[in-house]
């Protein structure tokens, strides 16, 4: 019953509102009756560009309440360009909700959310859920430049302490947001939840190990199907958790007998993820 | 009664009968269940399963996908649990699929093809076999069974020898003369041909000075290759009499009709599902409307009609 | 002084020196004058002229162009006045081009290639010769000199025998193993290779039940084929030491850099001019900026840098 | 001097106004300083879609006055879709003016303009020029359906008699506009100027021959370069006029010795055209 209710489907939506806080970053509000209530924090949608000329594109579900969900998108190529140009009233179809969200209960009561760029889009629902159960929240939010830092106030409004960073130093810490993390004492948080580009997430993973804090990472990769059918979106993962062929991380270290932590498989980001425990990734 | 006057879209590929002329391309559709939330599988002619090999395969290093103009480059590397685990864990689940289920066999030797085909075809859940001879051969880089006439023939003959189920052989476009390979594969006992597998390609990350795919090169699919695929079908259709499953970049009924008019009896849809999982439905509906509007009572009436020296009676 | 620190983009192809690494693809740029109102021809490395044949050719029936997803299908059919009229009426006009002028020779026999090359190369207005061995051969449909190792070798040897000017041989992607052909053509005396000509394709008009091109099949160019072309350059670069002019779907400096990092010393731009005639300018500017930003003083420093088993020192 | 002034160039324009009389048909007004004054009736532009993802597309120059020209476009594919979505203020580059316009002086003083669909776009400038020199004008204008008949009143305002036709009979004559032509007496007009899809123009050519009226046809075809460089856009043409190889219309009729009218060459629509004398085409 539970699974049935939460199971993904094709949702026909209509653009109900549209915001472009900075040129090139667009937040599309969508009217859609039965999606918000079944969406878990950290899940995503495959969005079908209306022209039919482009593959569907993966976008995190940014907001979800009542009969409205929203998507936040950064224009980087043809698909995001087409979606960003949609105006109010335009129909838009989604496959959603997809993937596994964050296991928020496992992150404790003092959680740092770490966002890189548009990764912020996948962290508002987790922030709301964590705030609702009274967790202490810190948002570490990095972007290329000040203008690209969007909606940090939404997190502040939830009571989160907000720490910003920009690559070009135009706002907050000058440098990567992960540098802030490395400067903290061990066990500074009870858990981390992060979303952003892979290099950033790798750095978060390393920092989490160093700080000895459990961390969940929401990965972004090029998807094709988004539903687990094509095995195109993989990440090397601890061998145990997925029933596919298992190999050794570094063939040259195969003898003497490999350590368990060298054994890995390729897990699908869209199906087994997009959220993974940092310590289970072998990348 | 209204139903009875609908054009007949059923297709026979050897002994295999499809209610609709649409097969989901191997490797693009999992085993079907991944797409079940988004489309009624009964609306599909069939699903060609992800290719399976003798031994388990880890697959290629990530990234495995790159999007290119109107195309998709992939290098999955045949990640699969191997035929033993596959028969044990997976195949039973395919029994209840409301459409045809076609096993796909990949291999690195002629013996591989025979062995995996025999074991897979022995299962009732599997309605037919597709021989993916377009995957990398051992030894020479980039070489595949489908690029070498004698290997293509040997693999086909070997698989033919171990099953009476419909045997579809999937050809590669990466050859000088695809029609010549098609003729040889037909003579070796194939019941049908899948035309085409992906076109070899590469994309380079100019910031990092390295190919974007973990495997360096990969296979290009999607609308970018449609003209290449239509021509391949056209040329193969002139060379053989067995039916052809045309594929490469199909996203609409009109795309599918290009293949059918070139000489394909059925079509494959792979990358098109990534555009919208309802593509297979739209293709079938669109073909039905097209036939009805032109007063045809069966799809077979128009197969190859744009191809003057079309060989077959399919 | 500021000029002196700009990265050096000059390229040598045999004896031919190009100020910029950009050649306009044969058949796409007329003789250059058609584009003179829109771009300073001095900003081009060179123009490869429309291919010329021994005898006049009417060209193929219309339509000769079909646009496809991110691509262009063409079947011009080598419309040209033949070498006699060409030498008499056209060639003198090329004298004042402020960039290299490369004659393109097409033929239907080995003797054609020798004859037309000799006559064209004898003219001072022509700086180098490109041998288009990728056009249809007499006899077998779709077969070209570039698809047959012995014909490719013979045509190259014949042309080599009649001129000391730089001889670029243009290869076809429509082969099982382009690197093998490249090796043979190098051994036969080519100074450089153009990689690639168009990919064979077809589009069908589903309303009229006929191919859209007057010639039925044609050649696919543009961004759709870029991944195919990049891989071809990558593979050829591992096989030969002579320089490569990489082409197929280049529209931006980053596109061009994919080819250069794969092993091309220069790039060809054909269909890209149809997107915007300023593409060649943008490509050169973008490459210059890229090199400067990374602290390189010459384009040659990065040729092949993404290709580990890269053969050449170009 | 004259040629220099009229020579084409890259023109950087900005969308100054935008009208969408029916969904799918868009008129883009462009601010561009030095184009209107050098544009001849019947010339066209190669329009560069801003995304850089599409080839340039040929569009007739609809209006040209002062520092404004306009384009009328019908959405049929990716390029026209991209252009139709442009909003006021968007930059747009054109190669223009291209091709040879109508030889209006050769059409006499009682001219019928024949438009099929968006072919209307290439006939307003000719209508204005003809009206300016006092010619009597008739517009025969056909489209699929009533809604697709756009701006006929612009021609009426110039004093033209307007006769409409729709394929579906929703307005005017039910059927092809060329059927109206066939019903006229010989020499009903002193000249015809037509623009529209090829099958229509062929019918106009046949009717013109039958009515013994000189006719100029502005052809639409798939273009690649649009500037005469690729020889992709050809039409079979009387042999005399263009210096390219000449063949015989029907090889099988080659013996006995071919008539002069069977000899033809392939002329470039973008360079030798887009306007041709109907009696010189061999299609």
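Labels A, B, C and D are assigned to the chains in the order they are written; within every chain, residues are numbered from 1.
Criterion: contacts are C-beta pairs under 8 Å (C-beta built on N, C-alpha and C of every residue); 3 or more make two chains touch, one makes a residue touch a chain.
Because the structure is a prediction, the values reported are computed rather than measured.
Colleague: Using the touch definition from the top, what's the fewest steps needed to get from chain B to chain D?
Modeller: Step count on the best path from chain B to chain D: 2.
Colleague: Using the average of all C-alpha atoms in each chain as its centre, how far is it in Å between chain A and chain D?
Modeller: Centres of chain A and chain D (C-alpha means) sit 52 Å apart.
Colleague: Can you check how far apart chain A and chain B are, centre to centre, with Cα atoms defining each centre and the answer in Å?
Modeller: One centre to the other, that is 34 Å.
Colleague: Which whole number of Å gives the spacing of the CA centres of chain A and chain C?
Modeller: 45
Colleague: Could you tell me which residues belong to chain B and also touch two or more other chains?
Modeller: Residues 69-70, 222-223 of chain B touch two or more partner chains.
Colleague: Going by the contact rule already set, what residues in chain D reach two or more other chains?
Modeller: As it turns out, chain D has residues touching two or more other chains at 53.
Colleague: What's the contact topology between the chains, one of line, ring, star, complete, other?
Modeller: Here the contact pattern is a ring, one closed loop where every chain has two partners.
Colleague: Taking the top-of-page definition of touch, could you list the pairs of chains it picks out?
Modeller: Final set of chain pairs in contact is A-B, A-D, B-C, C-D.
Colleague: Within the complex, which stretch of chain D touches chain C?
Modeller: Chain D residues touching chain C: 7-10, 48, 52-56, 77, 93, 95, 221-236, 243-247, 265-266, 271.
Colleague: Per the contact definition, I'd like the list of chain A residues that touch chain D in the complex.
Modeller: 51, 53, 78, 81, 85
Colleague: Provide the residue numbers of chain B that touch chain A in the complex, in ascending order.
Modeller: Result: residues 27-30, 34-35, 37-38, 50, 56-59, 62-67, 70, 72, 74, 76, 79-82, 89, 222-223, 251-252, 271, 273-278 of chain B touch chain A.
Colleague: Which residues of chain C touch chain B in the complex?
Modeller: 68-71, 73, 142, 147, 174-177, 199-206, 209-211, 216-217, 220, 222-228, 230-231, 234-235, 249, 254, 257-258, 261-262, 290, 302, 305-306
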